[in-house]
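Here the structure comes first, spelled out in structure tokens, and everything after it is commentary.
Chain nomenclature is as follows: A, B, C, D, E, F, G and H, assigned in order of appearance, with residue numbering initiated at 1 for each chain independently.
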Amino acid sequence: MKLSLEQTDTRPDYDRLLRLGMPEFVYAESKTPDQVVKSLRALFKTHKACLAYRATQAQFRAVKKSIKSAQFNALARIIRCGKMSQNLAGKVVVVSGGTSDVPVVAEAVEVLEFLGCKVRTLQDVGVSGIHRLQKRLSIFSDAQVTIVVAGMEGSLPTVIAGFVKLPIIAVPTSVGFGANLGGITTLLSMLTSCAPGVAVVNVNNGVGAALASYRILNTFKREGA
Amino acid sequence: MKLSLEQTDTRPDYDRLLRLGMPEFVYAESKTPDQVVKSLRALFKTHKACLAYRATQAQFRAVKKSIKSAQFNALARIIRCGKMSQNLAGKVVVVSGGTSDVPVVAEAVEVLEFLGCKVRTLQDVGVSGIHRLQKRLSIFSDAQVTIVVAGMEGSLPTVIAGFVKLPIIAVPTSVGFGANLGGITTLLSMLTSCAPGVAVVNVNNGVGAALASYRILNTFKREGA
Amino acid sequence: MKLSLEQTDTRPDYDRLLRLGMPEFVYAESKTPDQVVKSLRALFKTHKACLAYRATQAQFRAVKKSIKSAQFNALARIIRCGKMSQNLAGKVVVVSGGTSDVPVVAEAVEVLEFLGCKVRTLQDVGVSGIHRLQKRLSIFSDAQVTIVVAGMEGSLPTVIAGFVKLPIIAVPTSVGFGANLGGITTLLSMLTSCAPGVAVVNVNNGVGAALASYRILNTFKREGA
Amino acid sequence: MKLSLEQTDTRPDYDRLLRLGMPEFVYAESKTPDQVVKSLRALFKTHKACLAYRATQAQFRAVKKSIKSAQFNALARIIRCGKMSQNLAGKVVVVSGGTSDVPVVAEAVEVLEFLGCKVRTLQDVGVSGIHRLQKRLSIFSDAQVTIVVAGMEGSLPTVIAGFVKLPIIAVPTSVGFGANLGGITTLLSMLTSCAPGVAVVNVNNGVGAALASYRILNTFKREGA
Amino acid sequence: MKLSLEQTDTRPDYDRLLRLGMPEFVYAESKTPDQVVKSLRALFKTHKACLAYRATQAQFRAVKKSIKSAQFNALARIIRCGKMSQNLAGKVVVVSGGTSDVPVVAEAVEVLEFLGCKVRTLQDVGVSGIHRLQKRLSIFSDAQVTIVVAGMEGSLPTVIAGFVKLPIIAVPTSVGFGANLGGITTLLSMLTSCAPGVAVVNVNNGVGAALASYRILNTFKREGA
Amino acid sequence: MKLSLEQTDTRPDYDRLLRLGMPEFVYAESKTPDQVVKSLRALFKTHKACLAYRATQAQFRAVKKSIKSAQFNALARIIRCGKMSQNLAGKVVVVSGGTSDVPVVAEAVEVLEFLGCKVRTLQDVGVSGIHRLQKRLSIFSDAQVTIVVAGMEGSLPTVIAGFVKLPIIAVPTSVGFGANLGGITTLLSMLTSCAPGVAVVNVNNGVGAALASYRILNTFKREGA
Amino acid sequence: MKLSLEQTDTRPDYDRLLRLGMPEFVYAESKTPDQVVKSLRALFKTHKACLAYRATQAQFRAVKKSIKSAQFNALARIIRCGKMSQNLAGKVVVVSGGTSDVPVVAEAVEVLEFLGCKVRTLQDVGVSGIHRLQKRLSIFSDAQVTIVVAGMEGSLPTVIAGFVKLPIIAVPTSVGFGANLGGITTLLSMLTSCAPGVAVVNVNNGVGAALASYRILNTFKREGA
Amino acid sequence: MKLSLEQTDTRPDYDRLLRLGMPEFVYAESKTPDQVVKSLRALFKTHKACLAYRATQAQFRAVKKSIKSAQFNALARIIRCGKMSQNLAGKVVVVSGGTSDVPVVAEAVEVLEFLGCKVRTLQDVGVSGIHRLQKRLSIFSDAQVTIVVAGMEGSLPTVIAGFVKLPIIAVPTSVGFGANLGGITTLLSMLTSCAPGVAVVNVNNGVGAALASYRILNTFKREGA
């Protein structure tokens, strides 16, 4: 048996949509364009919508040949073909500390919109000038979940958790250098936060934060429906 | 100025209840019994209920002299005086991998009950005998949030996130040795999970998981009310 | 004395085949094409078969000029010239979590086939959709060793070790980001697994897993023969 | 609900013996004597034999009151009640580097004997006096598996893997100081070994090495039987 | 030569006072009471004032026998005999996040007062209830240096650096657990802060922060004098 | 909502100059040229001077099109447009260990000059030839702050802190290899220094050291004025 | 087979003296008193002299019953019975940074004297008061090897290596806290030193430094003899 | 003041040759070609010989224009202009584990020859085929120092230290992957070796090992002369 690129098996988890209310996404990092195309086509055929993240321009060009509706958000590194047909009640606010964090914000926003969630963003309100945040707290008043994206020392979720009642999903980013350790310090810092009830996802994991938020909205949609 | 134990200032965040819908808790670790008493009394006077975590028997005995209704859960290391008068709609399921994880489960349960949340537990369903979990999935059907407590390699939240639609708050524990690194491996493992939408709190942080769950239930209570 | 590339001594361990039942392989990483050629030629002359791993296209082109039968598996990064003449009883199953893990699977498969072992693969059965694995457990029924390749949180060997009696060699991969720490988290997670009797090799070490499996089959061949 | 020690659920994985050919063991670390008793009694009732590891004298005394046949190996920290009735073909050699590694050797030996495996040990043959090992290589000639236990820089499995054809399970120990990092350096060192086909278990994990060895012997027993 | 406790040489840096404007302090950690006494007596004889930090009750009792004026602040773990005769212009504000940080505050205050600096403290103003700090910003208006002591995620210096013009010396504490890594996360977090111009000292290093502040006041005293 | 590069919000902290006496700087790392231009233009319009650090030639070329007075110091990686109109009393000495540390020195010098501080540098006086430093100690005599830049083991601030009364801001650099860990060892080494009163900023953080120094000079300017 | 303490095999490396010119020492850490006695007696019988390090009072009391000439240096934690009969030409200078480093100095001195080397010590000459060292450089003039023992940032070997031609063996100690990481920072700092030709041994490894020095003296004794 | 490349000061430590018996070398890593030229020319003018390490082809081309006798060893990454006029008695053996370690061997050899030392090398004698080493032990018989270069688990110095009386300088290399951590595991492993009296230098630090060896030979040259 010679294992070649052509012979890679893919086994998309087609019934994830049924079990979890969300389809499988393709993690494009270090995959060949062919692998990404193969997986997206299988998912698109079943669900009429699909998404790949951490994708490259080269992967997008290959997908575009197969799926005409494919779109690429280069900032978010997301390839999206259509969107899920559902529309969830509720709204997610995505707050971020600095403009360098925007790619992670964009990743979260793309995923939330794909899944039919409403989103608002509040960018560049880092804590070294905290008045920028304090003047805009009203944005949280009609939301159900908050995603807080921050790099460096990662204190933004701590501060927001002191102001806001909502569920808070903190996303550390790798913005910083030296003692930042590629975002690991930011991650550990958020986890050891003195603020009550902050939950954390992996470094730069906009997708994860979006899915954690979706789980919340989706659960209560069922309740309220 | 001579800083002595008697002169330590405490500034309880009394209006946290108003801002965040939850009172401040006392982090008893490395505090003297006197410091714990002082803080709990101030909070008890204002809120008619208070809670300290990571507490010792010695701290409890000191508190008991001041606040008659104080109770101590030695397993959870929690001192509780009364409970919040509210009762939230919704239910939290707390799942755990092994019996060594029970102190963290107990900590989460104590906090949730103090805050007026309904809780059910499902213990000792680690993934090396996964049938124990698969036979009991119905426990999730009328819940709104899942807390998953696990030590060692921490794969339980990953597996549950493949079965269950609910919001999932994963709590790594320090159960394990050597490569476990006191729970840090468990923590990092949960954060890099392949499962969609798992949010994580600090090692052994039952309180944090309870508060993250409470934020979810409390937000939707407002919505539904 | 001027140490130049031409003057590098190589001392292949020719009698390893006699002592250990397996020939020396060439670790091609960071070697020049000339160094790889020199070592492979020496081994090929003695054993009529040789193998280099972590090789590049450039190294392969140089080898091809010297050894006509050389073949390159670009996915596995393995240069193979012929194969060992032996055929071992028994079979190895190589299971993997996701399609990004396939290069490591390919590396293991190439080495096992070179050494005369029978192999079957089961790809893309990650634990976030565990039914994909549970439906295919029969693949293990006539095998003697299992290699489990997984990235991210690395929970696949834990789950399989709960289903399967066979010896299990776990191979962490560097698939993941942030808290994954280039596969080190996956490695440590597998080592602290709650599952009974999982043995682990280095990150992405398909060769090592293949050789550990070969040692098992080879020992019992002697016994059974 | 008040979670107390009495209310901890235990769910022994009774059918592990059927699925995996080995019963569940009790991980006694940080459990109360009562928890250990409760778990051991349940397992003893079902299997007529049971084992707890990382146990203390206090836990043993509590167990002894319930299960008369219980025995304690203080060096190995193992409580054993009876042994499995099976006797496996094949033999395991347990080699160790220094006398400080003996508790880990003892742990592995206890588990192997409990499971019905034959064992021989070769102690205190560290590589700084390598002649001690080279004079005794014949001990491997009629064995099927080798467990190599070593602390400090952990080079013993590397050296043995150059001499011996058998499957090798390496167990790093926490013997050493400073740069040893409590055995983590030993662990990582064994994992990055230049020797072919060494598989590794967690620091001080004599139980894990024994179970990995048992999986090998048990598989080939089935084959040969 | 037999090196015994009696034969340890000490070579106090007597002219440090002249060179640096501050005397040598005795680092009492892991010293015997006799070693501490010997060093303090030598310094006391020369400077008529001396200080040991990280000291124990047992060390204090031994010192008290030799130096009648010795005083012990158990919270700060500082033995002080007299104080330097100088009085510096300027004032240092020591701010802290929670009551668990008070021992480090106390250490800094003791050292500053010993050196003749004026100090004010502002305790328990952690950022999860940021209004406690914002209401008290006037405390900084007549100060020249700010020491900010905080544990957990360590965001207090970041927030203060956004409000206050003064030099800021941040002191991470080891208050926290799990991902806090004994204060190392707090330390790294403060170092990678997004706030402008925060300088950091070692974990729990109240002495270091006091001396860094003293260097500032002392330099400008010379200027202004 | 499609988050694209054009839609990134920037919210410069315009009143930082008023609150902190210094304007916001632009952290150019991983920003697009357009993002840098947008931020610098906003700041330039308000303050008539602005600065971006960790900038590239490509970013500079984009800025130059918008702001004619922009200048680029390629060694320091700083884009500067004008300078603040203020001139502070006092002087900063920037000392460095080796010529490889010069980019970090240059970064600090650029920022200090932009803010109106006087600077002198003393380069290549590493401690392995300590006479080079000892002969030049007079440079400190009319300064108010010392910045010490060093890589490798980072012992230069320790040595200088034994000679000089001034406030010392230590900047570790990433000069070194292997055990240097990209400057993290240098950073931790400086933090655990035996020298009294050294404060530390992040690895390669010339900007941070300059701002910490500026806070000192600016505070005493107010006092003295 | 029941592995008990009585059944531990010890295999002293008796001919190490012949091969390496030095006898085996007993590493007493975590050994029982009986194990230490057994090993020392075997070595004493063969060599008429023996040494155990990292020993406790309890181990010493047990040894003293068997070997009358045994002596214990509690500071060095060394049990010594007699000394080797040889006397080496040459001299070792052991320099240390602070009085807290003295136990490591004592360990090195005991070993050197046991092996027949001449030693001189120079204590408490840390670099924050470098004049203490510079005034005493003549101590190196008739020595052949320098051992430099230092904790905290570990800059003493760097400074000495700039003054002294001799071979330098640096020994990091665990004196320090926080960022010191139990001496690991000191270790890494010494390894990344800018000084030419410093060789390093493990944290607190006085024995290792003594043996490295002995290897040097012993080699040249052979040459010169 | 505008700090540009032209304005970088270099202060070669010219009298290092007098103090330490060896000239300063230029660390070329991350320096510009101009900086390397400037430093080498200054040293060449004074000493008539000079050396730069970690150099590139581009740096060499620039140097060659200035110093005609410059030579480049691309494998060792060393630029050498002439050699020191001295010839030392004694000989250094440089042993290495695999052919991937040869660049580090080459670096050490170049430096030793530049300093006038005799060298012999023994390559590719890794411990997984230990007979290759054991057959060649006579190479050590007329040497005075051994440098042992090894990557991966780094067990070669441990094994050699059990065979050879000489001083041993161990050099870890970054050959390996995953758990090797870029050579840091190799480094820590060598430091925690069970072998007596091994001293260690930084990862890939052939220069450091050569200088440590030179210090030994140079000291005894003085003695013997």
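Note that in this section a residue touches a chain if its C-beta (ideal position, glycine included) is under 8 Å from a C-beta of that chain, and two chains touch if they have at least 3 such contacts.
Computed from a predicted structure; not experimentally measured.
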Chain hops separating chain G from chain C, counting only touching neighbours: 2
Any chain that touches chain H and chain G: D, F
Separation of chain F from chain B in steps, with touching chains one step apart: 2
Fitting chain B to chain C on CA atoms, where both chains share a sequence, rotation angle to nearest 5 degrees: 180
Interface copy of G-H among B-C, C-H or C-D, judged by whether over half of the contact pairs recur: C-D
Geometric centre distance via CA averages, chain F-chain C, whole Å: 49
Distance from chain B to chain A - Cα centre to Cα centre, in angstrom: 26
Approximate Å spacing (C-alpha centroids) for the pair chain A, chain E: 44
Chain E, residues touching no fewer than two other chains: 16, 98, 128-129, 161-163, 177-181, 187, 191-192, 196, 202
Each pair of chains that touches, named by its two labels: A-B, A-C, A-E, A-F, B-C, B-D, B-E, C-D, C-H, D-G, D-H, E-F, E-G, F-G, F-H, G-H
Residues of chain C that touch chain H when the two form their complex: 1-5, 8-11, 13, 15-16, 24, 27, 29-31, 35, 39, 54, 172, 174, 182-184, 187, 202-205
Contact set on chain D toward chain C in their complex: 16, 19-22, 24-25, 90, 144-145, 161-169, 187, 191-192, 196-202, 208-216, 218-220, 223-224
Chain B partner contacts - residues on chain C that touch it in the complex: 97-98, 126-130, 151-155, 158-159, 161-163, 176-181, 185-196
Residue ranges of chain B in contact with chain D within the complex: 73-76, 98-100, 102, 105-106, 109-110, 113, 119, 121, 123-125, 128-129, 131-132, 175, 177-181
